[in-house]
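Look for subunit A in each of the two complexes below; its partner is subunit B in the first and subunit C in the second.
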Partner chain A sequence: MTPLLAIQNYTLDYATSAGPVRVLHDISLQIAPGEVLGLVGESGSGKSSLAWALMRHLPDNAREVAGSLRLGDIDLQRLGPKELTRIRGRRLGMVFQDPSTSLNPTLTIGTQITEALIQHRDLKPREADALAVDLLGHVDLHDPAAIMRRYPHEISGGEKQRVIIATAFGCRPDVILFDEPTTALDVISGARILELFARLRAETGVAALYISHDLALVTRVADRVAVLKHGRLVEQAPATEIFRAPRHADTRALVEAVPRPERRLVHDRPSGVVLLAASDIDVHYGNAGLFRKAAPPATKKIGLDVCAGEILGLVGESGSGKSSMARALTGLARFSGRITFDDRVIHGARDMNAAYRRDVQIVFQHPDSSLNPRHKVDQILSRPLKLYGGDAADIPRLLDQVRLPASYAGRWPHQLSGGEKQRVAIARAFAARPKLVICDEITAPLDVSVQAQIIELLLALRAETGTAFLFITHDLNLIRQIAHRIAVMRRGEVVDLLPVENFDMDHVHPYTRELMAASPVPVG
Partner chain B sequence: MIELFIRLLRRPQGFIGVVLLLLVAAACLFGSALAPYAPEKIDFLGRFRAPGWQNWLGADQFGRDILSRLMVGARSTVPMALIATFIGSAAGAIIGVGSAYLGGRSDEAIMRTNDAMMAIPGLLLALLLVSTLGNGASNAVIAIAVAFAPGMARVTRSVALNVRNQDYVKAAIARGESASWIIFREMLPNVMAPIVIESTIRVSFAVMLFATLSFLGVGAQPPASEWGLMVADARQYMHQAPWGLIAPSGAIALTAIAFNLVGDGLRDALNPKDER
Partner chain C sequence: MSLAWFARRLILTAYTIIVVSMLVFAITQILPADAAQSLLGENATPESLAALRSKLGLGDPTWLQYARWARHVFIGDFGISMRTSQPVGPEMLAALSRSLLLAVSSILVTLVVAVPLGVLAALRQGKLADTGVSLVAYFGVSLPEFVTATLLALLLADTLHWLPATGYVSPLEDFGSGILHLALPVLTVSVILIAHVMRMMRSEMLDVLKSDYIRAARLKGLPERTVLFRHALRNALLPVVTIIALDVGYLLGGVIVIEEIFAIPGIGRALMIAITTRDLPSIQAGALIMAATYALTNTLADLAYAVLDKRIRYD
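Up next, the complex of A and B:
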């Protein structure tokens, strides 16, 4: 059978001030009609560059060195701007990573869909309207006619992604490129988008290139999987085989890094001595103004306790109040209720003395924003030492503790990779020799393989120091590997608080079951 | 830093601005040595002499050489404007960052007071202050600084609000850092770029405001050769000797344009996203 989309020996360079940088080496891939090819790789492996090359939307400094890109019998590299408009959307659709930025905030949903339909399917406005309502209904949006009149900020992220998918499918392209379409969504909406994709694909028989860093996810949606590493194709295999029998070492590393709940990484039991007990915590944002009421509390009378040396997991979808809890416990958000720590009762941020500040440390989600870009690594690490007592000579030891070379002390944050920045943030937290470290989704922006390394590091640090962790995440598979107990949060309430071994039992909350269904254990 | 300077020079407006500024700087540093005549040398035979080989830019009502007066006067005009802008920007930046850091009611109180200050036109505020403090160049500098601070505070606050929400500031708060450390060491360095750009552009306003105050007779006092004062002196003889008016006005305009161009160039050079 002739392939629908064929990439032959494609090589791409980016011209930079430091000379050309090769991002794709000699890539050859084919997608047959109706086939879904998964493309997996770490960030920086060149997978998005490949998608942009196919859409012919490369940055100005890109240099195509060799190879060809063909869609059916069309040579994509030879198309002029006019012919491209006829190909894009009509024969080659694309769904982007972040739905919040891929819709125009000043136009209604209806205008944006019908515009694409009128452009690509030569419909009259009235026909386009009718078709748009039909398409939106088909992607399981309630009351499509009402959605058509709304603006993008009036619908949720999952709904936006559905609108984009409806538009992409509605133009009936031959191939659709998906660039991490569920990464920006929470677990449950992501899982629903995947179900929708599987259904639409079965109905329309469209071919697709599905790009993701998550090998487990790709094996669920794709027929074949290609693994990309540093711009080179290292392995191509049917999805059912790649997980069970990865041939290449890099693929094996990716498979190993995927968290599986049955592979426990923590084997000890916590002492049972309660370290921190929080009860009736209501987190408030914003004051009541002259003309407006205060926003309702982000959490509703939450109680949690963490034992010395314990790893307590806190899971829930975005907006469930898990990060608000972290902010309350570190005095970053106003809260009511009480926290008992080391026999001291704390009613607000004012009661948190230097000893509490030292003992409870937080590591934030985004490594890019948690390090001050104008401070070098040694200055960042010297602050907690100065505040809590310690010696600047300790910095090499701190860096060594997080497996970074001592020479990194003189670097600026922008010279580090995401995983390295997160290591510096962890070193900063551990510089205070804390009793409890709150990890607020610290691995969410990282690749699966980097995530595995960070988790390994945290567990090693725990073995060394006996620190307890409050580990906030939305990845249930990951937390079931490491936590002793897991609290499940939903809309500001704790719906379940279970020891990890009770998770497979029947008496869990329905929402917990839904979360577990949305994060299936990888096949194989 | 050097890389930034090269990027600045690559842009046409940056290059022209820097060249003009170098000329102004040379006049400030070596003006009195390079001037062909002493600025106060009176020549009764050469009253209102038109520009020519004797006096390149002409002579004024006392026969004083205008070019010499301009070159010497640069020292009493441009550095004053720079000092005023520096004081105003620094005060404004600290108020803005502090207000963003405190947030809530304190932020509201500071910014509303700031708004009230901004409602008074800059020149009027400066005049008011000088008439209260008394005439003189140093009081004019203070008046201009006070007039500039609210605008800077507003610009800085808007940038600082973004920085305030960054995790490194939250980390510092959670660590129990003092307010002054957070304001001066964590936040201020990260809002410097817009402050530097804004204040370069403001220097040109300061030059003009300072000249205006001198023109109105409340800034520098005669017989100083401050540029605004020169314009004021030459005004009476505008029809007899227009060069007496044109030369200092041109000098003020050129300096203002130079700072403006450098400010624009810096804005582009400091924004690496713009690099093509």
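Up next, the complex of A and C:
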């Protein structure tokens, strides 16, 4: 069969002040009509560059050194601006990573879907309206006519992604590029988007290039999977085989990195001595004003306790109140209720003394915003060291503890990769020799393989120091690998608090079961 | 945007104006001027002064005087000018209308020139057009308005004799002559505003063009024209609305210089004259009318914002 999309010996450089940097080495890939090709790689592997090259949206410093990109008999590299508008959307659609930034905030959903239909399917506005309502209904949005009149901020992230998918499919392209379409969504919305993709694909027979850093996810949607590492194609295999029998070492590493609940990484049992007990924690943001009602509480009088040396998992979708709980426990949010820590009772953020603040540390989700960009690594680490009675001589030890070379002390945060930044943030938390470290979605912005390294590091630190962890995440498979007990939160309430062994049992809360169904184990 | 929000916003505006009226009244109380003395002149007898004072209620407690004044102001009666013996209200409103004409014309000229220039500079970022436009803009902001005014008057009135140098003719009475007389002041004010608005427009446009939704619009296959005008321009214009509302404040306060130079009997000039002649009712009326205009303009800007950007909900 002749390929629909053919990438032949494609080589791409980015011109930088330090000379050209090669991002894609001699890539050859083909997608047959109706086929879904998964493209897997870590961030920086060049998978997004390939997508931009296909969409002809490369940055100004990109240099296409060799090779060709063909869609059917069209040479994509030769297209001028006019011809491009007849290819983009109409023949080659795209679904983006972050639906919340991909829709124009000041235009209605209706405008944004119909403008593409009018452009590509030569419809009159009224016909486009009718078709758009159809399409939105077809991607399982309730009351499509009402959605048409709404603005992006009035619908959820999952709904936005459905709108973008409806737009892409509505123009009936030959191929659709999916660039990590579920990464920015919570587990349950992401799982539903995957179901939707499978259904639409079966109905329309569209070909697709599905890009992701998550090998397990890609094997569920793709026919064939190509693995990209440092800009080189290391393996191509049918999706059913690649997970079971990865041939290349880099593929094996990706397979290893995928969290699986049955592969426990923690084998000890915690002491049973309660380290921190929180009860009736009620977090409120904002006050009632003259003209304004107070916001509803982020957490509703919830309680949990962490034992010394324990890893307690806290899972739930975004907005469930997990981070508010973390902010209350570290005194970053005002709360009512009581916390007992080391036999001392605390009634609010003001009650937290220096000893408590030293013993309970937090690592945030985004190291980009939690590390001061104007401070070098040694400055970032020396603050907590001095505050808690250490000195700067400890910096090399701290860096070594998080497996970073001592020379990193002189670096700026922007010179580090995402995983390295998160290691610095972890080192900062451990500078105080804490008894409890709260990890607030610390691996969410990272690739699966980097996530695996960070988890390994945390477990090593725990073995060394005996620190307890409150590990907040939305990834149930990951937390089932490491936690002793898991609390499940929903809408500000703890619906389940179970030892990890009991998760497969029948008496779990329906919501917990839903979460588990949304995080299925990889095939193979 | 809901009706309730709109009502709340109006109440807040009214509240602002009431507080300002108290301040204005308090300040004029502190001024070393005696209304009775001013009215009767230097040669008034102590008896007639005392009689007038009690007739005007000047011996009453301050709050009572304020209440009396506020009640009159509420029905549009700002009192009688001590200088001209004419009602203050109509005089000040006429002055305000001239100032507003100058302000509104300047803003229109500014928008027509600055928005396209800013967009052009953003689209040709780093190229000749961008550098040229930015250079002119720097000139515009760095020259003080009296220098700009003098230079323009020298060139267009004295040398080329295209425009009258000073004076004001109402466009309602003589449209052609009115426009000609307005041209120089409008030009002067616009040069400064254009620089502001253009630079704002340029940087906002650059930001918006880098956003994900513009990329998404391009990759949907929309023509560049649609991407620019439907998707980018509208979002880039939002902060410009704020700048313009702030500039109205500058125009009302800062045009005194312009009105002086071009001899336009606007509100700034009227207030200047009132202050130099210690004409208390005129000072009160002028200050209050200016403050109220400013408050209303900002309310209008907020409204425009809420209409343009549906994410904004003031509740």
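Keep in mind that, in the parts below, the second predicted complex is superposed on the first by the 524 of 524 C-alpha atoms of A that agree within 3 Å, B and C clash if a C-alpha of one lies under 4 Å from a C-alpha of the other, contacts with A are read in each partner's own complex, and residues count from 1 in each chain.
Heads up, the rule we're going with is that contacts are C-beta pairs under 8 Å (C-beta built on N, C-alpha and C of every residue); 3 or more make two chains touch, one makes a residue touch a chain.
Treat the numbers as computed from the prediction; the structure is a model and nothing was measured.
Undergrad: Once chain A of both complexes is superposed, is A:A116 in touch with subunit B (first), subunit C (second), both, or neither?
TA: A:A116 sits against subunit C, while subunit B stays out of touch.
Undergrad: Is A:H57 contacted by the first partner subunit B, the second partner subunit C, both or neither?
TA: second
Undergrad: Between subunit B (first) and subunit C (second), which does A:Y151 come into contact with in this model arrangement: first, second, both, or neither?
TA: second
Undergrad: Just subunit B (first), just subunit C (second), both, or neither: which does A:S370 touch?
TA: In the superposition, A:S370 contacts subunit B only.
Undergrad: Determine, under the contact definition given at the top, whether A:L107 touches first (subunit B), second (subunit C), both, or neither.
TA: The second partner, subunit C, only.
Undergrad: If you stack the two complexes on chain A, which partner ends up touching A:R86: first (subunit B), second (subunit C), both, or neither?
TA: second
Undergrad: When the two structures are overlaid on chain A, which partner does A:L332 contact: first (subunit B), second (subunit C), both, or neither?
TA: Touch status of A:L332: first partner only.
Undergrad: In the overlay, answer first, second, both or neither for which of subunit B and subunit C A:F96 touches.
TA: Once the two structures are laid over each other on A, A:F96 reaches subunit C alone.
Undergrad: Within the complex, which stretch of subunit B touches subunit A?
TA: Within the complex, subunit B contacts subunit A at residues 104-105, 166-168, 170-177, 185-186, 189-190, 276.
Undergrad: Using the touch rule from the top, collect the residues of subunit C that touch subunit A in their complex.
TA: My answer: residues 8, 211-213, 215-224, 226, 230-231, 234-235, 238, 308-311, 315.
Undergrad: Considering the complex alone, what residue numbers of subunit A touch subunit C?
TA: Of all residues in subunit A, those touching subunit C are 55, 57, 81, 84-90, 94, 96, 98, 101-107, 111, 115-116, 119-120, 151, 153-154, 164, 167, 171, 291-292.
Undergrad: Would you mind writing out the residues of subunit A in touch with subunit B in their complex?
TA: Answer in residue numbers: 60, 287, 327, 330-332, 352, 354, 357-358, 361-362, 364-366, 369-375, 383-384, 387, 425, 428, 432.
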